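One chain, subunit A, appears in both complexes that follow, with subunit B as partner in the first and subunit C in the second.
Entry: the complex of A and B
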């Protein structure tokens, strides 16, 4: 039972919260991310997100230090995606790393396929698809106001005449809108296999099944065309 | 060298250290204690392990008592009180009283080490119900339970699942009239929390505080240890009342750093009671006409530069009789008082009045 009279998520079974809490505590990074918390607020004062959102890196450190499972679950659902992962919070006198705690919690939220994780990552599905299918990161044509409303009003103006803006940049290699740069097919396929074999594709499946299915279809056809048999690699790993 | 003894009143840590120091310097000491056992509060109040080094209180006090036992320069008077004093140091005539009657002794100088008493939680102005609920105890009660190796819920005899400490009970409180910080309770509560988590690893322990005052090495040796290794829950916010709900105690408060209201069921609540001047301290101030400082402890002169000189020449104070003190303070003051008392005697011999 939560210590707070205004607790949320009291309909979620405690065991479910505890399981996720233990996952985070068992993370090998945990002992390096959290010692104890004075609740002094130096991390909040340093945090850019805290200036714009109702967000506090301090709360993550203090709630985890107290092993408050109910409030951990509130944070996991309501606040864990508000961090910009800049690690300004690491100036902590106890040498805590609230941003690192948040990263571990995000991993747990993604692994559990929490709705909050799906909502937060929806805009990034296109980026994941782009990275995993082309091997390049954010492409200029992805900067659409619909997807990144928090990037401000200029995004709309830039998106309307993207091709012109890109061609205004001196190096010819950047006169692209669909790709940041060209990646060889061999590299793309090797990266895909690494992601697949290390379980990253499974994580994506839990968060956005649609993107996962498209990726798998496109990439495994490409693998076949190039004579790769992914089962061979799985067999090698199992041996 | 003067044969007049230095009278030490109170055989707690400060008085024991003072007595040892007097004898070590070759002066005579009379140690008076109203009880039948030396060691002061650590013994009479059944302290288990001392803060911060966790050494057994019994063992540490025995070491101090051994250091003055069977010393020809030390005259120990147990079950004895000081009931009167005539004249001025170094020519004091002090009346001692015990079962067999009164006796007047000469004293060249006096060291008052009559210490403190634990705040009586019946006087608190919150609603903690110490005398109402069996499972509301004090850190003093907890010490005894830890010493007896029997830390259980008083009403049921079972292991507690969830307990909390409430800090600053009887300290830092204008309502009560005790405006001082008692210095040691943050450390003692944290020390006890560590001990409880050691013997009952399944028990969840909370400490509700206003400020944690873990000065010097207590910081990482006790506070960080309790929080980082024992997962003691430190929550800034003081409980306003304790009510009974079923067989649990419900504590109500605000988590001030989260800005959220709390209601938490507890099996036991431990009140971190502070220090007040002991009855003996108040009586000795009266007997030797020692002005009190504004909080009611024995006043000193010279501020930070002289922690043991009272306003009466030749009469010194050591330990918690002069204000809240931890063991280190008390021992250091015992030594400082000896130095001043012996210097006072020596000067009076060289320049007789």
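Entry: the complex of A and C
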């Protein structure tokens, strides 16, 4: 039972929260990310997210150190996606890595398919599709005025002249519009094998089933074209 | 409230007798190279050595780091290649100007770490396998990895720590690489391109054709360069008395420009990974209020120079909308590679591709002595020839039109 009278998520069974808490504590990176907390606030002073959100990297270190499972679950749902992942908080005099703790918590939230994680990533799904299917995260054709209206008039100029301007770049690998660079088929094939062997494709199923289905189809086709069966690539992490 | 209008130089005269601190103790962190060589001796993985000739630089705790001069495998950056193509092009152009051997591979994936830091839709095993697959391909191609992206650089350093310390992760990576029929290779050093520029800065200055002595620049160091695995970043006692990373500032000073200081130097740019794509109100607010406005008020620079994908994007693109709110913005943002290339006479549009940037950089080009109108006409002439079908694309020879 939480010590806070205004605690949220009290309808969620404690065992469910504890399971996720243990997942984070069992992460192989945990021992290198948390050594205790002086509560000095240096991490908060250095944190960009703390300046614009109701967010504190110190709270993450404290809650994990105190093993406050209820508050952990609240942070997991309400705060974890505000972090900028810049690691300015590694200025910690106890060598804590609050950004690293948050990354492990996000991992747990995604694995569990929490609704808060789905909400946080809803607008982001197209990026997941891009990086998993092509091996590059962003592409020139993403520069569209309706997607980046706040980035200025050069975005419109780029969009209007995209094909010609991409070919007006000297390195041959950059004459692309749908990829950041010309990624070979072999690279994509091997990347798909890695996603399958590490359970990453299935991970997407729990977050966005639509993107998962498209990704599986794209991967299955390329693997099949190269004489591989997608089902032969089991998740080796489950061994 | 007083506002500083003159930029304080990096090297200010001390008001007290100089007492130089000399570090005597051993570095507080393990030497990752020793650990890698131990794993290699046990037959667990293969360590790719930095090829000769090498340049030595000093890192945070006094260790020497090897930087290859050439024979480099260019691990490109999604954000640079996709949205700031003059960034990558300038890196290649610099290599070509010095006649150095390099390889620009197609068989290279992104590190995918931008996505991982943004969405957590991956795991340590996949991230390590992707790193090792790229490193193995570099080895098979006969070149040494030179990492263009600051996040790839930082993430690969984290991955190195995880591989060194977790035998179960090494086992997973080994099994994956076996399925891919590729070797388990890790490089002796993980080298960021800006470290190559830092080590080459005096050679770059020797080839400088433009006078930058009237240029004032602020510097933004990338978080994932010097805050992730902090000991593996370049520090130099001649710059900031060795108290901050020397990266970028070393180049700015070597080119004769003034590196002006400001109070939020250590702050992040506001990129945020997820935020820059889907929560840009945060990125924009932080970039303008905590970085650009501080630079304007305290240093009033002609340009700010940084060395990572996300930093260039965030600091540059965030300034447009901020004008609607009457914010004190308007600083051109360049990478160190573009700044160095311009100093050596690179074409501002054919090579540095400055038309992909948001903030008006024409006043900067004029101060550098560059005829931007003529340069834009030259670019447009080539673009028209491409559009008409006369040219397939711009060659390196086309780019260096005189």
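Brief remarks on what is shown
Definition applied: the second predicted complex is superposed on the first by the 194 of 239 C-alpha atoms of A that agree within 3 Å, B and C clash if a C-alpha of one lies under 4 Å from a C-alpha of the other, contacts with A are read in each partner's own complex, and residues count from 1 in each chain.
Following the convention adopted for this analysis, a residue touches a chain if its C-beta (ideal position, glycine included) is under 8 Å from a C-beta of that chain, and two chains touch if they have at least 3 such contacts.
Because the structure is a prediction, the values reported are computed rather than measured.
By the touch criterion defined above, A:68 reaches subunit B but does not reach subunit C. In the superposed pair of complexes, A:195 makes contact with subunit C only, with no contact to subunit B. Look at A:98: by the touch rule set out above, it reaches neither subunit B nor subunit C.
Put simply, more of the residues of subunit A are touched by C, taking subunit B and subunit C as the two choices. In the superposed model, A:28 lies in contact with subunit C only, and not with subunit B.
In the overlay built on the shared chain, the residue A:36 is in contact with subunit B alone; subunit C does not reach it.
Contacts of A:161 after superposition on the shared chain: subunit C is touched, whereas subunit B is not.
Of the two partner chains, subunit C is the only one that A:181 touches; subunit B does not reach it. Taken together, the two complexes place no residue of subunit A in contact with both subunit B and subunit C. Every residue of subunit A that touches subunit B in the complex is listed here, in rising order: 1, 3-6, 35-37, 39, 58-59, 62, 65-68, 94. Remark: subunit C residues 76-83, 85-86, 88-89, 92-93, 104-110, 112, 114-126, 129-130, 133, 137, 154, 161-162, 165-166, 168-169, 172, 175-176, 179-180, 182, 223-224, 227-228, 230, 266-268, 270-275, 277-278, 280, 282, 284-286, 290, 317, 319-321, 350-351, 353, 355-358, 379, 382-383, 386-387, 391-396, 398-399 touch subunit A in the complex. Every residue of subunit A that touches subunit C in the complex is listed here, in rising order: 28-29, 32, 46, 48-49, 51-53, 81, 84-88, 90-91, 103, 106-107, 109-110, 117, 120-121, 123-124, 127-128, 131-132, 135-140, 142-143, 148, 150-155, 157-158, 161, 164-175, 179-184, 186-188, 190-191, 193-195, 197-200, 203-204, 207, 233, 236-237. For subunit B in complex with subunit A, the touching residues are 224, 227-228, 231, 233-236, 255, 257-258, 260-265.
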